[in-house]
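Here's a structure for you.
Letters are used for the chains, namely A, B, C and D, taken in the order the chains are written, and counting of residues starts over at 1 for each.
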Amino acid sequence: MPAVHGGRPFRPAADVRPGAPDTDFDNKVRLHFMSEQNRENRPFVDVVKVTKVYSPDIVALQDVSLSVDRGEMIFLTGMSGAGKSTLLKLISCMERPNKGLIEVAGRDTAKLKKGEIQELRQQIGMAYQDFKILPRHTVFQNVAMPMEVLYRPGREIKERVNEVLEALRMDHKKNLPAGKLSRGEQQRVAIARAAVNRPALILADEPTGNLDSEISTLVMKLFTELNEGGSTIIIATHDSSIYEGTSHRVVRLEHGMFTA
Amino acid sequence: MPAVHGGRPFRPAADVRPGAPDTDFDNKVRLHFMSEQNRENRPFVDVVKVTKVYSPDIVALQDVSLSVDRGEMIFLTGMSGAGKSTLLKLISCMERPNKGLIEVAGRDTAKLKKGEIQELRQQIGMAYQDFKILPRHTVFQNVAMPMEVLYRPGREIKERVNEVLEALRMDHKKNLPAGKLSRGEQQRVAIARAAVNRPALILADEPTGNLDSEISTLVMKLFTELNEGGSTIIIATHDSSIYEGTSHRVVRLEHGMFTA
Amino acid sequence: MSRLKYHIKQTWRNLGQSWGTQIMTLFTVSLSVLIFSFFLLIYVNILAAGDRFSDELRLVVYLDHEVVPEMQPQIRKKIMDFSEVENIVFVSRKEAFERFRKQLGKNSDVLDDLGPEIMPPSIEVSPLRDLEHLSQLKEFSDYLATLPGALKVQYGQNWVERFGHFTELVRMTVIMSGVLLVMATGFMVSYTIRLTVVAKDAELEILRLLGASSSYVQTPLLIEGLMQGIIGSTLGMALLYALYTWAAGRLSGPGFLRLFDLTFFSPLTACAIILVSIAMCTGGSLIAIRKYMRI
Amino acid sequence: MSRLKYHIKQTWRNLGQSWGTQIMTLFTVSLSVLIFSFFLLIYVNILAAGDRFSDELRLVVYLDHEVVPEMQPQIRKKIMDFSEVENIVFVSRKEAFERFRKQLGKNSDVLDDLGPEIMPPSIEVSPLRDLEHLSQLKEFSDYLATLPGALKVQYGQNWVERFGHFTELVRMTVIMSGVLLVMATGFMVSYTIRLTVVAKDAELEILRLLGASSSYVQTPLLIEGLMQGIIGSTLGMALLYALYTWAAGRLSGPGFLRLFDLTFFSPLTACAIILVSIAMCTGGSLIAIRKYMRI
């Protein structure tokens, strides 16, 4: 079983709302980071006046603030180079901000210890813009990784992986090496891996860049289902067709700053 | 100067039409593959009943035929996994068909010798779906490669690379290693490299997958300019916004076959 | 328990995916162990040979008159004052004459008319084994020349020096080869680690991003390193033993006066070498992935 | 002309981008050259030592009567019949007696009353240099014992055998170390090529897709291989010379009867080694990229 760090349990988003599928699984895996009393009234992801400068002097984000509530789905748009990926990387602790505060599940990410960062990442499913899939592993193996990392039993892994691959129409390719797929298929593998674990937080970076509108719809359907199951979802995209007409919040980055 | 193979000159597309920019440059570089009399009335790219099966039994293309005239711009659409990239790879000799005939500039690609394939590729600018840029080389070095391969003089390379980077709003990043760019910026590097040489044939595979609509417009503007300069252009895309409302031909692949 | 099964499954899968690298690593380990223990074995045997060589080394002090038995302890003491020695033998004129007669063999009848007084008496001194260097021997010989009545000090200068020279050359050859091989082995090992890391790079990066615990990442690699260490070093040691047997076979023969009785490592030493290699293999795999263990 | 400039520019840029790999490769080349030429040098010197050793080897045939000068050609012929020899010396009783007197030194007055007739006459035979093996020597000695009037044949059996034994051991050590080092060097070189290919993989792939001509791709790599070959092998040879000088210095001394006059390669041999290394370096780079040269 996963180690518990710091004693502050990270309550699964899944059991906050009714109708969450597979609550039992979630209860076993997810830990409670936030204390009971302010879990509901504080944002799940809180970015406060964050500045990120890449060496030597490339300002990717400047004084950016963003609050995402638990269970919210939000779209992050902006031109190429605006800083969308950088913001997602900061939230998942892949990069460190030069200034400002980033809180996830009520904890300051700058102060997390190694084990706590690992625990936090286990709760985050990220679909990377460059996919980061293993070309020589099969599709199944790629998608199963986040569950294997949590030592889930094989039967459960199989079930869940098949389910998510089916939802993305990738089940017929599951035993092929991921490197032999078309780019759009690889992108779906990356999305499936981010979603397979029903994580509390999903960060999707340009998830439909290589997908046609039909498949994009499937992807959005998957995300919507997960969101209804309690997951908080942040989607960075330039594809207006996937957020036009939704009731969800859309924020726009421009040259490292949010525009109203 | 480049070696001439087979004695059949490959006449630059650029000087076929009036108004071609930099005709002098083109005359020096491009070779004539087609004999004079039937250059105008035969298609520039001719795909006849081509089947491509990946081992062991993945049928990517089945009995596909497509003719693209010299100076045409054509959009290739279709769902993810339909076979768009495969078709482009066949045209650029990266893959070999299992059945069927592929002619480029009037020559059967199956019968080209090593030197002739090299020569053909020098005439093709391909923007790969996975970019294939060198992360440790600078943007400038990446974009300059197709011209360096032709031993163009440094002054000319500089001029042309700057021109194409400016057109894609990437000139301010030209001395950064390409691996440190955002994905959208990397995609623009890949497009710039495909266009820098004003090749006779441009194959663009999903060129706007990571780009917002503003930059996509710039990319299409660049392609249109090149097309008006005489380049034949095939664009594989799922982004309907870039081909909706154009007068150019749009063909649709579905499960390895063209639909009417 | 189920976690260990998880890790073993993982290791097994890795093995299937990268057996090329695995075999290469195995060869590297075997070869490294072979090379190291080969030079260790040679060094050990040279030391032993040196011992046996000095066994036979004697200095002979020729005297102008015999040492009467009462005087012997005094001279013994005088010699011992300069240096501890292995053995001191006093040879009388008569004993020397007998030796000479034997040396002439059939022809010894020429000595029939002569008495032992034609031969000089002598003292034979066997230095201690640790008196290795020729310079020390020379010094000792000079000292012995100052004994009362000493005429001349002789030792197999000719052959001793020649042999000493040769031994020195061999020692230096072995040392230099050893240094070169250590460097080559070092390169080999570091290259292997680099190639392994290049191969695993993407996977370790992704595991890190998925929040895999350190034990999840390290255990399969540890098992892998352990297995490679065990198989590789045992193989290397077995190869060395085969080589040794071959060499010993070639060197045996009508071995009267054999200087080199080759000996192999004791089982204990062999085990120690294998254990150290195993430890280094597992340690190496850990070092190779340590940079992925930071967050 | 301008193309060559292009290629040199290219090479220079590569150098800046991958100096880590370059330096590693340089070390590998140096070390390989050092190791190979080190063992070659040792082998050459062992051969030379063997020669010098057999220079000093003599068989002595003790006779029961002197050979009169008229008979000498006949005996000479008889010996030559069995085997070509370097030299044959007839030692009369008188000469033997003189030698014995000298050997006794100060004490030689004990011989004053004796005549040369106490000493046996002898024939000293120096075998040819190529008579290397002890078994051959033994055979020859057995033959000499059948000469008319031969009493006994003597050679420094004791030391000769011992020395022969030792030489054999050294030869085998050198051969085995050589084999191991060749294997280690082979590994090193192939690893270096693999690492270089991994590093250049993406670039060569893209050049291929851009339709770069073979000369465009190969020339910078050839220049690179050439430079690495030149610098690396020269460095290796220089290192070996430094080692040699150090060793020769340590081995020199009061060198009467020195068996090992170390010699270095002739400049010609050294150049040949360097040239071969350069050829192998450039060849190696070509082989490494050959798979990218197909279309």
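Here is the rule we go by: contacts are C-beta pairs under 8 Å (C-beta built on N, C-alpha and C of every residue); 3 or more make two chains touch, one makes a residue touch a chain.
It should be emphasised that the depicted structure is a prediction, and the values quoted were computed from it without experimental measurement.
Student: Return the chains shared as contacts by chain A and chain B, ordered by label.
Tutor: Touching chain A and chain B alike: no chains returned.
Student: Indicate the whole-number Å distance between the mean C-alpha point of chain B and the mean C-alpha point of chain D.
Tutor: Centres of chain B and chain D (C-alpha means) sit 62 Å apart.
Student: I'd like to verify one number: the distance from the centre of chain B to the centre of chain C, where each centre is the average of its C-alpha atoms, in whole angstrom.
Tutor: 68
Student: Counting only chain pairs that touch, give me the topology of the graph as line, ring, star, complete or other.
Tutor: Graph shape here is a ring: one loop, exactly two partners per chain.
Student: Every touching chain pair, please?
Tutor: A-B, A-C, B-D, C-D
Student: So in the complex, the part of chain A that touches chain B is made up of which residues?
Tutor: Per the touch definition, chain A meets chain B at residues 54, 58, 77-81, 85, 129-130, 176, 180-185, 187-188, 206, 209-215, 238, 240.
Student: Hey, which residues of chain D end up touching chain B in the complex?
Tutor: 2-3, 6, 10, 13, 17, 202-203, 205-207, 209-214, 216, 294-295
Student: Flag every residue of chain A that touches chain C in the complex, lowest number first.
Tutor: 2-3, 92-94, 114-115, 117-124, 126, 132, 134, 136-137, 141, 145-146, 148-149, 151, 153
Student: For chain C, which residues count as touching chain D in their complex?
Tutor: Within the complex, chain C contacts chain D at residues 27-28, 31, 34-35, 38-39, 42, 62, 64, 104-107, 110-111, 114, 117-120, 134, 151-152, 157-159, 161-163, 165-166, 168-170, 172-174, 176-177, 180-181, 183-185, 187-188, 191-192, 194-195, 198, 243, 247, 250-251, 256-260.
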